[in-house]
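Just passing along the structure, written as structure tokens.
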Amino acid sequence: MRKSEVKILVIHGPNLQLLGTRQPGVYGKQSLAAINRLLRQDAARTGARLTIVQSNHEGEIVDAIGKAKGAYQAIVINPAAYTHTSVAIRDAIEACGVPAIEVHLSNIYAREKFRQTSLIAPVCHGQVSGFGVLSYRLGLQAAIHAVKT
Amino acid sequence: MRKSEVKILVIHGPNLQLLGTRQPGVYGKQSLAAINRLLRQDAARTGARLTIVQSNHEGEIVDAIGKAKGAYQAIVINPAAYTHTSVAIRDAIEACGVPAIEVHLSNIYAREKFRQTSLIAPVCHGQVSGFGVLSYRLGLQAAIHAVKT
Amino acid sequence: MRKSEVKILVIHGPNLQLLGTRQPGVYGKQSLAAINRLLRQDAARTGARLTIVQSNHEGEIVDAIGKAKGAYQAIVINPAAYTHTSVAIRDAIEACGVPAIEVHLSNIYAREKFRQTSLIAPVCHGQVSGFGVLSYRLGLQAAIHAVKT
Amino acid sequence: MRKSEVKILVIHGPNLQLLGTRQPGVYGKQSLAAINRLLRQDAARTGARLTIVQSNHEGEIVDAIGKAKGAYQAIVINPAAYTHTSVAIRDAIEACGVPAIEVHLSNIYAREKFRQTSLIAPVCHGQVSGFGVLSYRLGLQAAIHAVKT
Amino acid sequence: MRKSEVKILVIHGPNLQLLGTRQPGVYGKQSLAAINRLLRQDAARTGARLTIVQSNHEGEIVDAIGKAKGAYQAIVINPAAYTHTSVAIRDAIEACGVPAIEVHLSNIYAREKFRQTSLIAPVCHGQVSGFGVLSYRLGLQAAIHAVKT
Amino acid sequence: MRKSEVKILVIHGPNLQLLGTRQPGVYGKQSLAAINRLLRQDAARTGARLTIVQSNHEGEIVDAIGKAKGAYQAIVINPAAYTHTSVAIRDAIEACGVPAIEVHLSNIYAREKFRQTSLIAPVCHGQVSGFGVLSYRLGLQAAIHAVKT
Amino acid sequence: MRKSEVKILVIHGPNLQLLGTRQPGVYGKQSLAAINRLLRQDAARTGARLTIVQSNHEGEIVDAIGKAKGAYQAIVINPAAYTHTSVAIRDAIEACGVPAIEVHLSNIYAREKFRQTSLIAPVCHGQVSGFGVLSYRLGLQAAIHAVKT
Amino acid sequence: MRKSEVKILVIHGPNLQLLGTRQPGVYGKQSLAAINRLLRQDAARTGARLTIVQSNHEGEIVDAIGKAKGAYQAIVINPAAYTHTSVAIRDAIEACGVPAIEVHLSNIYAREKFRQTSLIAPVCHGQVSGFGVLSYRLGLQAAIHAVKT
Amino acid sequence: MRKSEVKILVIHGPNLQLLGTRQPGVYGKQSLAAINRLLRQDAARTGARLTIVQSNHEGEIVDAIGKAKGAYQAIVINPAAYTHTSVAIRDAIEACGVPAIEVHLSNIYAREKFRQTSLIAPVCHGQVSGFGVLSYRLGLQAAIHAVKT
Amino acid sequence: MRKSEVKILVIHGPNLQLLGTRQPGVYGKQSLAAINRLLRQDAARTGARLTIVQSNHEGEIVDAIGKAKGAYQAIVINPAAYTHTSVAIRDAIEACGVPAIEVHLSNIYAREKFRQTSLIAPVCHGQVSGFGVLSYRLGLQAAIHAVKT
Amino acid sequence: MRKSEVKILVIHGPNLQLLGTRQPGVYGKQSLAAINRLLRQDAARTGARLTIVQSNHEGEIVDAIGKAKGAYQAIVINPAAYTHTSVAIRDAIEACGVPAIEVHLSNIYAREKFRQTSLIAPVCHGQVSGFGVLSYRLGLQAAIHAVKT
Amino acid sequence: MRKSEVKILVIHGPNLQLLGTRQPGVYGKQSLAAINRLLRQDAARTGARLTIVQSNHEGEIVDAIGKAKGAYQAIVINPAAYTHTSVAIRDAIEACGVPAIEVHLSNIYAREKFRQTSLIAPVCHGQVSGFGVLSYRLGLQAAIHAVKT
């Protein structure tokens, strides 16, 4: 690893381990592994290196964010279901001070009412929602951009 | 295990490990072990086999449901406190595609206002609430019935 | 009629006379008569005897419940549309003191918002919702169980 | 009947036929017949004559009020459960133009939230709530007073 | 009756039997009989035949709609007070499958807040509100049009 | 004063000193002095003795109620504007333990929305609303009745 | 133009220029021009003359209504999206004093929640909703009727 | 213009003509002209051609979208203030059938409550919010991606 | 005092005795005495005479307004905290019949949500808010204008 | 024009062109031209010069405010109907940085509920409401005062 | 009094003069005098001196706080009923600038819904709730701590 | 360990491991280790012994509380983010029957709206909020006091 490399933590929230088989009409047909490959390729192109975690446990996500300070320069997070219920993840992001980007595969504003409120967004730099895998890729660009400027 | 056996996953949510000693006026005097014995007897009678898990961790419950596809033909779940707060468990049930039955020992509609809304029910086949241990037993019947028809 | 027989009042609320032809995708294809036959068979097996009434009139249902004390040991009721609007039926159940079980053919928690609140449930022993005809049968079991214990 | 007599219609709403046995802690121990006797005595003392009806049917109560114009000079009504749900009874009172007094045995403002709103009160002369049988007797006085002034 | 005749069921809800004398400033001066004569004349002109019922009983209206299938090709209904409180009538219309038109004499949107929500409208073809007797006549046209196209 | 006399505290809340001139269409044409005379006559007839206070100060009303225990056997209170805003008066009534009757000259349920909620009613024996001066007189009867039974 | 002619202003709100191609399942297959032809024919038959405007601009609609006084005897308006958001159009109708009829092609009460509230309806004579082109034609009849009576 | 070029309509909503001088802490220091230059460069690189409009008039934006069908393959829109109030723009997007991407300079979820609801988002492909000028550039990528796949 | 003089009651609500030292960023640096001097000068110029009271006691303010009829031709009131909580002051203004003008030093619509609702404004002639001491001076002009016209 | 002159932009919102004929009971009998004459006289007296615009178009008002910076030292605006619906005008005022004063002819707090919330007030210096034409004149004073201090 | 002494104002709100006899199950059996003795002992131990006031009058409490600046270094206040209704006390605390500690005998979060919101807490240093007399003693420690650090 | 020692379980919720570096303006500059040292010293002084756990995992906290019965005589818990979202922790406290004290470093009532509701408080003995580390120390005193009395 070169010193000048941008290090980014990518967090996949609950149930995303099922991607590809889970409601493909809503979430697309690509597996999480395929998405991760794409993201690593994108990162490589811009001299960034990704650490990628997936967890169904709110506490593990809070743990990971709590250790991000100093280790990563930005976070790309798809909080999935925890978007709508986790004050703990919100507090972790606010507490760690590392800029975070929230991404969603589906357009959460076109779904059930309870999915239209994000507890996480107010403490993030911004949010990308609705473009499938492209949401992650755009979010990654935004993260790298945030680090570089 | 015979091939033709119906395999059902039974999930007990948070604090149910305390059954028998926890507010017996609300939740009854039987321990969780006693309830599980009863359920296994019921299952045996109809040629079904149960895997039973109890967890206080939302993430572990999401993990278990995430692995249910292919392994179980139905789920009987008492989400307990997570009934009212867990979008992650809801999404897990919807994502895994295995028919689920929600059960409650107490009549949640006769209790505090916040206990009267279930985030889980809309993605289940149905709900049984208020009959103590019998709620589980009726839920198990409904699960077996769902598999057989 | 033998003295030791359990006598149970089964009440079908408004529009249930149309079962079989009414939105079969939601309510199933069996006619009310067929359901009643099934219930009587189930009852016979456990030594219970059913009186079954169907009415579109809130007042008639209130009348029937008001006379249940002493005549029946339990009530199984599908209040249908009155689930969401009838304080009178709620008060009748509370007033008569006979244990009541609420049942629903469809999963009311997966339907329109106004169907997700039951005025009746808080005064019942419990509720079974979403299993089609099986909801009645499980409700009948719960009623008999309530009488016997 | 003398011409100068004040004729008053007294309406008892749903479940009041059960008075005396129905939750005596809330509604008192007197039967409806006993209450009616008391009211007729009170009326006789002031030269008023009562017609008393009890019904569990919203439609019958609407029918009765619809015929009150010209036949009665005032109405004393305990709408019971229909207090909180019946626009039809409200409209009937407003339409018939006969002054109406709303009475309640229990203090509805000390009970469940949904019992604290009356659809009927806004179209009545006034309301008496919480004094048991005395609520009716005070309501009757108010009705006679309304006729005489 | 000729076979080709369009048969339409006209339902007048609670308190409409008082039309002409009931708050004429709001509901107009014509009696229900006069309105019915007008409607029959309109129907005759277009080869339609009307069956007209008025009831103050929610249950009777539900009964009538429940028998409409096969007997009538359309329903014109002024649910009056039940517009705002009856899920049972809503379900009856949805269950019977006969196209229904909702009409109101007064402009319900210029009145009390609770009159501005119709439980019935979402299951009707459309709604005509505010034109006095003309609301019925336009509703009848819409019903005949719905049958013919 | 004879020992056996029933002693009742009558409290008139804010702005009632203006009665007779204040919006007579809403509150009637009688002055507070006239009302008090009437009430004293009524009381005298039944062997009760009244202490009457009027205050525009929430604190003075709380003071008066706080001293009621032992000194009075019942309270008749028209809290006027404080009906809708004073938790302090509510707490005073609950704390002093003397049975209280709430009265209102106007029908508060036919007025502005904010006047339709009483913070006081839930801790009173009952409420009389809408009959002008008669509300006080009926309230006084209820108070005496509460003491005697 | 003959003096005795009834002059009516017909206003089509935003996006109605797209009729025929815009979501035909919701709004029908007829173009706006075709609808206008039908309306002119209907008008001609009853001796009325129409001025028809379509605009996507709230301000232009307000301008047009502001000039209606004296120039037109009635207005038929489909405010489309502005139904739910424009106080300015509401005020214009109220200010100009010309009787207005609100019409909608689709049944707005069977659609998204935000479409179920009309800011315009309370200041109109009445509303016709849900009959496709027929809504306009019935609205036109109502307008002519309002002028003639 | 070559036939194969992707044609994209970029719409800037109200007050965006003031960019650069308007609250630079919230909206950044770049003028709208500078942003447009950047976007045209990005577009040129991927063989897309932009038509860019800015308007403070809801009606003009509705007009522009109404003509987009056939002329453009995608829309990138920053509805600014109209995000929260315009059903007309929402309907225009839904009616024209051209895929639209919603972008915001600031993170609307970290601002006033009324800015946290978008009427537009539910009918767009997705939304990018909070990255300043980068929001537009990512939105443009998403638009081009939507056209190509 | 000359007969023709306009007599105006100026009321300062709770905590205004602290002006000058209380949060000067919100309420300005002038003491209440200084404000009163300014107001008396303004009044003198137009032949009006002021009686000025400050009180932290809701009851005293109600008392003062209750005596205003006949003694003053207008009231200028800054109800301060009681703006948001006092039905008693509202009723006093409505009861006394003297035209009242509500003034606020700060712009209450730019502050906490609970400060944005005034119980007093609906019964006043008008309201001036946000201009510091000038709010009082404009309010005084409005009061004098109201008296003279 | 002298350099030292205070230049003020006066904006009349939708439907105000109808003043004098529009509901004179609510809005007064003076025409807009008469109001403007009065305002110009007031301005002349204090060495201010007014530019006055009236528009029914939200976009035109946004345009006008967008150009105010540098051209005017203060804005007096009666947003009329747009008070309650226009985030665009709010943003324009906030963006242009010119101090703005909101005025209303009628007391908006004594009218319909939806008129009691102003989207504009939080970004203005202050608000004057309820004094008819005097509201404008006081608002003008406040504007000149804001410029001079 | 020594100069270095910490002077603390202790305020007991409405109805607390009844302590010991008032609902002892909720508020404990100690009289206010006994509590005050305990507090003075605690204060003496840490070199603090208490001035203690009890009042049922919101205005008196506002008066007392208004004079606290310079006289006291901290305030310990149990606002009792005024916790939930008094903006005036809130403003007084904010205006006087003396650090305040809110205490409650009972756990207000385990009681009626309206007792679960404190208007006072947001302007205090902190809150202690639910420990009976100990709440005061802990609050006193916190006050002394606040002064010393 | 001596038998008579009071054993207390101290639970630190999510993100509290970051104390000292996390938003020191809100949460103070002391590390969690430093706080724990202070608490152990306080405990030692009163003969109590502490077991201290910190976890970001809701499930681990539920586990810990579930084992508290018999092992500890009291619990001091700062649920942090889970205060506002965890029914599971609430149920654990209620189920285990060990008295619990809720503490917060910051004054949660002076922060975002969603932080002002505690799901935990209603099942605790009491709550201490807003005093930084002192909140814990006061909470510990309250816990020891609860055990001793």
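Note that the chains take the letters A, B, C, D, E, F, G, H, I, J, K and L in the order they are written out, and that residue 1 is the start of every chain.
Following the convention adopted for this analysis, a residue touches a chain if its C-beta (ideal position, glycine included) is under 8 Å from a C-beta of that chain, and two chains touch if they have at least 3 such contacts.
All figures in this text were calculated on a predicted structure; none of them were measured in a lab.
S.K.: Quick one: which chains contact chain I and chain J both?
M.R.: Shared contacts of chain I and chain J: no chain.
S.K.: Which chains make contact with chain G and with chain J at once?
M.R.: Expected: H.
S.K.: Hopping along touching chains only, can you work out the least number of steps from chain E to chain J?
M.R.: Contact-graph shortest path, chain E to chain J, evaluates to 2.
S.K.: I want to confirm something about chain D and chain E. Since they are copies of the same sequence, is their interface symmetric in residue numbering (over half shared, so same) or not (under half, so different)?
M.R.: different
S.K.: Note the rotational component of the Cα superposition from chain G to chain H, reported as an angle of 0 to 180 degrees in steps of 5.
M.R.: Result for this pair is 120 degrees.
S.K.: Looking at B-L and B-C, which one has the bigger number of contacting C-beta pairs?
M.R.: Top pair by contacting C-beta pairs is B-C.
S.K.: Between chain F and chain K, what is the gap in Å from one C-alpha centre to the other?
M.R.: 31
S.K.: Averaged over CA atoms, how far is the centre of chain B from the centre of chain K? Could you give it in whole Å?
M.R.: 49
S.K.: Which residues of chain K are in contact with two or more other chains?
M.R.: Counting only residues that touch two or more other chains, chain K contributes 57-60, 85.
S.K.: Run through the chains and report each pair that touches.
M.R.: Once each pair is checked, the touching ones are A-B, A-H, A-L, B-C, B-L, C-D, C-E, D-E, D-F, E-G, F-I, F-K, G-H, G-J, H-J, I-J, I-K, K-L.
S.K.: Hey, which residues of chain H end up touching chain G in the complex?
M.R.: By the definition above, chain H touches chain G via 57-60, 62-63, 66, 69, 85-88, 90-92, 94-96, 119.
S.K.: Taking the complex as given, what residues does chain D use to touch chain F?
M.R.: By the definition above, chain D touches chain F via 107, 109-110, 116-118, 121-131, 134-135, 138, 141-142, 145-146.
S.K.: Within the complex, which stretch of chain F touches chain I?
M.R.: Listed in rising order, the residues are 13-15, 17-18, 21-23, 55-60, 80-82, 84-85, 114-115.
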